[in-house]
Structures are given as structure tokens and as C-alpha cells.
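Here chain A shows up in two complexes: once beside chain B, once beside chain C.
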Partner chain A sequence: MNLLLLLFASIVTSNIALTYFLGMCPFVTISKNVKVAFGMGMAVTFVMTMTATANYLINHYVLIPFGLQYLQFLVFIVTIAALVQVIEIFLDRYSPTLYAAFGIFLPLITVNCAILGVSLFVMLRVYNFWQTVVFGFGSGVGWMLAIIAIGGLRKKLIFCDPPENFTAPGITAILAGIMALAFIGFTGMASL
Partner chain B sequence: MIIKSLIFINAFSIVIGILLIILERIIASYGEVTITMNGDKEFKASGGKSLLRILFENKYFIPSACGGKGTCGYCKLVVKEGGGDVLPTEALILSPAETRQGFRLSCQVKVRGDMKIEIPPEYLEIQEYEGDLVSTELVTSDIRKIRFHITGDETIKFKPGQYVQIKLDNEGATDYRAYSLASTPDDDSHIELNVKLIPEGLGSEYMHSLKEGDTAFFSGPYGDFFLDADSGRRIICVAGGVGLAPIKSIVEYWQSHGMDREIEVYYGCRTRKDLYDHEVFEKLDAENENFHYYPALSGEDPEWKGARGFIHSLMKEHLGEGGDSEAYLCGPPIMIESVMAVLKEKGVPEERILYDKF
Partner chain C sequence: MAETRGLKVPKKGYRLFRSKDWNVFIEGLWHNNPIFGMVLGLCSALAVTNLMLNALVMSLSVTVVLLVNSIIISSIKHLIPDRVRMIAYMFIISSLVIAVDLVLKVFLPDISRALGPYVALIITNCIIMGRAESFAINNSVKLAISDALGVGMGYGLSLMMLAFFRELAGFGTLFGFRVIPETVTPAALLSIPPGAFFALGTYILVITTIRKRGAK
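For the complex of A and B:
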């Protein structure tokens, strides 16, 4: 598949948050303001690209030669956790400002299902190395776009008065649903 | 197949574990660093920890009320060299003017190399004490009055309203928690602390677990929240819950020094069970015409004869013109804010309102 098409599809038409509804927990809880949502989005994009690539390499050069593909889930989770740790160590040493800006987001990402989801999609759809890199990056950007959009929308929510039981997470889920409908409009252009 | 996967998963985890340990050793090690204070004193320490922690480990005591979380802002110091950029966590607390002067939150600054810092001289006078617990008494459902005798012939000099920091163990590392001194400075060989038990709270659980005869370490005195003993103005004290502790110290000092200044104590709690030393203050109120005591309960209590509602609304009623007064506030942030508004309305100048938020 054309890499550019793949990038476009992963950002817009097959948006990981709005078409697969992955990574919903931070999507709902950390989208209260745009600035923080942007920080989380950056961290997710960064980690997603790194982990998708690392998992691809491990799958390709370790798991497949040893006939251990059925361990994908376990191994991927361990790789993601370890990689986040490594990134944390590096950032803390070489870029304290960025480390402080990411703050609590990095460790949070370890258990974000969107990250694992991307690694698993890569295996399911049998991508090659560059497709994996592009898909990982694109999905991260897509997730970031979605969380920034919902962050912007939620800021307007203070002007609304939703029924009591729909405040905060409820109304956010409904908003996300309507946004997802809008994103369906793109599917005719490209799909995965 | 099971054995094969078990071996693989184990080997994989071990490899990753070792890799992480090696990385941590190589990358996150900073070696020995030199810290120079006020241009003349210097000491060596191993880097990689926060500046506040390293100073504490070397017996330089810096005020800190929040336990290094970067929320109270007491631990700010001027870092002249080696502090790096101001972190987003500090930008929330430090004002732009302070940032320009080089102030940093020492609990947030990580020591990565040699540093030059400035410490106010009064901080260098803060000492560490050892105390033997002489009595511990549960005065409400969750507040304990704990008294310590300072070991040996040592004495502590402090002003009514100041606080000490108790040293405790946090999963193997040393940690500190701040508590206001509830006793009068006249008795300089004893201190009393009032500690409210907070579930899962490291400091309060430790303090509540101490028994008679146990030893604890603390440092102090800290804080610029203390009584101006010579001003002659009317004293307005406002306490919320366990915030009564420093107010008790102020009242006792006022009483023992026979001050003829007027003093008003406003004390807010949720229920009658949360009030302590209520009788002591009532008695004082009855015996001394200069002492006025106004308790208020915010929760439901049919048997309570006194005032109801939040303490700031009670103050609106009773507090007269406040031009010649000074105020001491201790309690939760929301109480401080609403009381501040009332005090300003009554004409108490802002610089004469001192507060201790927790």
C-alpha cells in the first residue's frame, strides 16, 4: 500500500480513537483542556511510533524465527512497558524540561490500549517495516487530533447545561460519537 | 510448547530487566557533585536527587510543608548556577519576578552537577532535635494531641505560630512532614503537636502509631506565620478543624504574657465531635473580658446551641471595624480564601493578614 495513503488513512479515515475507540480512558479524562490534551497527544505519538517499530522488529527477528507468534500479546506488553521506562530514563537525563512537560503522561501511556492495539494491527495486517513506522506515527497523530478536537469541544461545554447524569464522561462520550460520525465521511477517500 | 514459551518469556523479561538496570546505572548516574552555599560553605553529595533532599541529608533544613510535591512553595531558594531551566511544575508556584531573581523550588530541582545556591541565614539556624513522646491523647475521633520532651538539656526557641518538621521513613527513604507547634514557647523543653489522622497519610499514620516512650526526630522552627508580640493591635485568630494548633500556641502565649490586647478566636468545625479544647476557650471567654471565642459548626447537629454555618459568615456578623487589627488564619485553602475576603471587607490591611494553608 502506498505509504502516503497509509499515513492519511491512519490519521483520518481509520482514526484509532474515533473508528476503533481505542485509548478511551485518557481520551475522556485528560481532554479537559487543549494544552494538556496536546501534551498527552505528543507523548502518545512518540511512544506509539517507537513501540510499533520495536514490536515489529521483535516479532520479525525473534518471535517468527522461533515459532513463538502466540506469545505476541505478552511480549508486546513487556516491550511497551520497558520502552516507556527507557524513554523516561533518557528524557530525565538529557531533556529535563521535556520530561517535566510529559510529567505523568509517560507512565500512563504504558497501559494505554491504543498503543498495544497499533502493535497488534501491524501484525494482523502484515505490514512491512516502513509501513509499520508510518502506521504507528499516523495513528499517534490521529489520536492526538481527536483528543485536541474533543478538548476544544469540551471547553464549550461550560456554556451548556446537560442533564445531571450526562455531565463530564457521559457527554464526552456522546460528543466523541458525533465526531466519529463526522469522520465516517472520510471513509470514501481511503480505507485500511 | 509450554516449556518453550515459559523459557522464552523468562529469558525475555530477564534480558529487558538487565538492560534497564544497565541503562539506569549508566545514564541516570551523576557521580559526586559539589554544592556551594552563599559563596563560602560547600559540601559534596551524590547527585540524582532533588536539591531539597540533598540539603536535608546534609543537615541543612529548608522549610517545606507539602513533602516535596511542589505545591506549597516554601522551599524556594536562589539557585545561581547549575539549576537548568525552570520546570513547568515550578512555573505554577513562582512568580515571574521570582523567576527573574533566580528563585527555584528546591524540591523540584534535580541535582545534576555542581551547584551554587543562596540560603537565607535564618534557615542555617534551624536545628534537628530528638524528642521522647510523653503523652498522646485522642481528643476527637481523628485528632491526637501529642507531646514530646526534648531529649537531654536541649531547648527549642520558637515563636507562637511556627511549625516543625517530623522526620519519617518513606519506603526506605527519609521524608518529612510539617506540623504546627500547638504549645507555648515559654516551655522550651516540650512541644505539643495536634495531628489529624488522614487515611493512607504517611505522616499522620506514623504520628498516630507512636506510643509513650517512643522517640521521634524533628527539625525547626520554620515559617513566617507567627504572632507579632509587640504590635499592640487587636488579634483576630481564625482556625478550621485541626488548624487550631498554632492558634492555641498564640492564645497561650497571649495569656501567659498577660497581654492587654483584645483577642478574638473564630473556630470552625463540621460537627461537635470535631471540636477540641472547646471548654478551655469557653472558660477563657467567661473569665477574661479581652478574650472572645466564636465557635461555629457547618454540619447538622440538633443539640448544638451555638452558631451554625461557615466561619466566614459568622465573622461578618461579629467582627467590627478591622483597621487596628491583625489576623492569623490557619485552615483549609477554601476557608482561608473566604475569610480573607471578609477581613479585607472589614478593613484589615492585607499585609497584616497572615495565614497557613494546608
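For the complex of A and C:
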């Protein structure tokens, strides 16, 4: 598949949050404010690209040659946890500004299902190296786009007057549904 | 026992319904319902509920993993050092999920393919980690079983409710059997991803309303 097409599809039409529902917990809980959403989105994009690539390499050069595919899930999640720790230490040491920007989100990311989900999609769809890198990056950007957009929309909700029982999670789900419709509208152009 | 605080134990009725286990079970099923109450574990709830069969297999898998994980954690809680307990949970959960995934691949290959990565994603499902951390680690095996069954069935019930609505309106079928005649055009919107969000939002509204009525 064309890399550019893959990038477009993973950002818009097959958006990881809005069509595969991955990373929904932070999507509902911390999307109240655009600034926080942006920080989380950046951290997710960064970690997602790194972990997808790392898991691709481990899967291809360690697990498959040794016939250990049944350990894939365990190895993937351990790699993600370890890599997040390494990134955290590295940022703390060499890039304090970046660490201040998204350091607090890093521990949360280990259990973000979008990160594991991307590694699993790479494995299930048998992507090659560059496709993996592009797909990891595109999915991260797509997730960031979705969470920032919902953060902005929720801010506007302050001025609205939804029914009393339509509190935060309910109205956010409806908002996300309308947004998902808009994203899926592009399906004719490229889809996975 | 933070979990059952404020719950009245009824004086009349069968013994089972007066026991603490029953209260913990109901607490998990209704008050701590993972999907509509705590809004946890949404990924799988939204993704697999376009067909009832997928939702049923998914909820059984989650319940099994949750139950076995709770039993293991609550029985070895004295052996797990406090500082590495998260890693311990993760290893136990991952191993259980690998087992469930292999069972599904062998006995239900079609459904396993349809569920795709969502079986593996049980590992990062907040419900399982959440119940281990907030309940199983502090309670006896017996109570942990009640809690896991309650939360698991609450999750399953929520998934089945979502899937019932989505499959009936989106395809006009239930478990693959035609209920609404083919001459009626189904509301295909509900079978695609945005429909999942709409169905979830509507259900949360209904459940919150019922809860508030009950609290009055």
C-alpha cells in the first residue's frame, strides 16, 4: 500500500479513536481541556511510533525466528512498559522542556489500549518496516486530532444546557459519534 | 470494606440474598457497573457490539479472565510485594489472555477473526486491572469471586444490551436470525462505528435517569 495513502487513512478514515475505539478511557476522562489534550496527544504520538517500530522489530527478528508467536501479547506489553520507562528517563535527563510538556502523561500511556492496539494491528495486517513506522505515526496523529477536537467541543458545552441526566460521559459519547460520522465521511478516498 | 459501605442487608428473604457475597455481587452488577457506571473498558464495549454473538463471546472472555485473575490475586495477595504489584497483575492478566485467545482460535476461529485485536486488548482493559487493584488485593477469595462475577456479568449485560439494540436496528437480526423482515430498510448507521457512540450515549442517559429515580 502506498505510504501516503496509509498515512491519510490512519489519520482520518480509519482513525484509531473514532473507528476502532482505542484509547477511549483518556478520551472521555481527560479531554476537558484543549491544552491537556494536546500534551497527551503529543506523548501518545511519540510513544506510539516508537513502540510500534520496536514491537515490529522484536516480532520479526526474535519471536518469529524462534517460533514464539504465542508470547506476542506478553512481549508486546512488556516492551511498551519498558520503552515508556526508558523514554521517561531519557527525556528527564536530556530534554527538560519536553519532559515538562508531556512527562506527566507518560506513566498513563503504558495502559493506554491504543498503544498496544497499534502493535497488534501491525502484527495482524502484516505491515513491512516503513509501513509500520508510518502507521504508528499516523495513528498517533489521528488520536491526537480526535482528542483535541473533542476537548474543544466539550469546552463549548459549558454554554449549552443539556438535559440534567445527560452528564459528562453521555454527552461526550454523542459528541464523539457526530465527530466519527464526519471522519468516516472520507472513507471513499482511502480506507484500510 | 469500602465497597459495601452504605448497603443495607435485607432482613427477610432467602439466606443467599442476605449474605455479604450477594451484596458484593449486586454492587458489582449495578452500582459499579463498568460500562454505564464507571465508564471503563469502553474500547471493547463499543467495538464488538455490532453483532450479539461477538458481544457474547467477548463478555464471556472478559468474565473468565476477570474471575481467574481475581481468584489468583486474592489468594496470593500476601506473596506479592507492594511495589511490584502492577507488574505482577500485568503478567498474570497477559498469561490468562493468551490462554483465552488460543482457546478461541482453536474452537471459534471465525469469531476469533471477527474480534481481531480486541481479545488481546483485554490486557489493557481498565476493568480487570481496576478490580484487582481496588478489590481482589484487599479481600478474601470468596468475596473476590462474588465481585468478579458481579462486575463480569454487569459488563456482559451492558454489552448484550448495546448489541441487542445495534444488531436489531442495524441489521434487523438477533444472533444472526432475521427478526425484522427484509422489506424494512435497517438503520445502517447503528451498525457502523458512530452508531456505537450514539447507542452508548443513549444508554448512559437512560441508566442515569433510572438511577436518580432510585436514589430519590
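Here is the rule we use: the second predicted complex is superposed on the first by the 191 of 192 C-alpha atoms of A that agree within 3 Å, B and C clash if a C-alpha of one lies under 4 Å from a C-alpha of the other, contacts with A are read in each partner's own complex, and residues count from 1 in each chain.
Just so we're on the same page, a residue touches a chain if its C-beta (ideal position, glycine included) is under 8 Å from a C-beta of that chain, and two chains touch if they have at least 3 such contacts.
Remember, it's a predicted structure, so these values are computed and weren't measured experimentally.
Of the two partner chains, neither chain B nor chain C is touched by A:5. Applying the stated contact rule after C-alpha superposition, one finds that A:71 touches each of chain B and chain C. Judged by the touch definition given at the top, the superposed model places A:90 against chain B, while chain C stays out of reach.
Touch criterion not met for A:148: it reaches neither chain B nor chain C.
By the touch criterion stated above, A:82 is placed in contact with chain B alone, chain C being left untouched. Of the two partners chain B and chain C, more residues of chain A are touched by C. In the superposition on chain A, contact of A:101 is made with chain B only, not with chain C. Within the superposed three-chain model, A:173 lies in touch with chain C and out of touch with chain B [touch as defined at top]. On chain A, the surface touched by chain B in one complex and the surface touched by chain C in the other have residues 70-71, 74, 78 in common. Residues 66, 68, 70-71, 74-75, 78-79, 82, 85-86, 89-90, 92-93, 96-97, 100-101, 103 of chain A touch chain B in their complex. Chain C contributes residues 39-40, 42-44, 46-47, 87, 90-91, 94-95, 97-98, 101-102, 116-117, 120-121, 123-126, 129, 192-198, 200-202, 204-205, 208-209, 212 to its touches with chain A in the complex.
Those residues of chain B lying in contact with chain A across their complex are 4-5, 8-9, 12-13, 16, 19-20, 23-24, 27-28, 84-85, 87-89, 108, 110, 112. Within the complex formed with chain C, the chain A residues making contact are 18-25, 28-29, 70-74, 77-78, 81, 111-113, 116-117, 120-121, 124, 163, 165-167, 169-174, 176-178, 180-181, 184.
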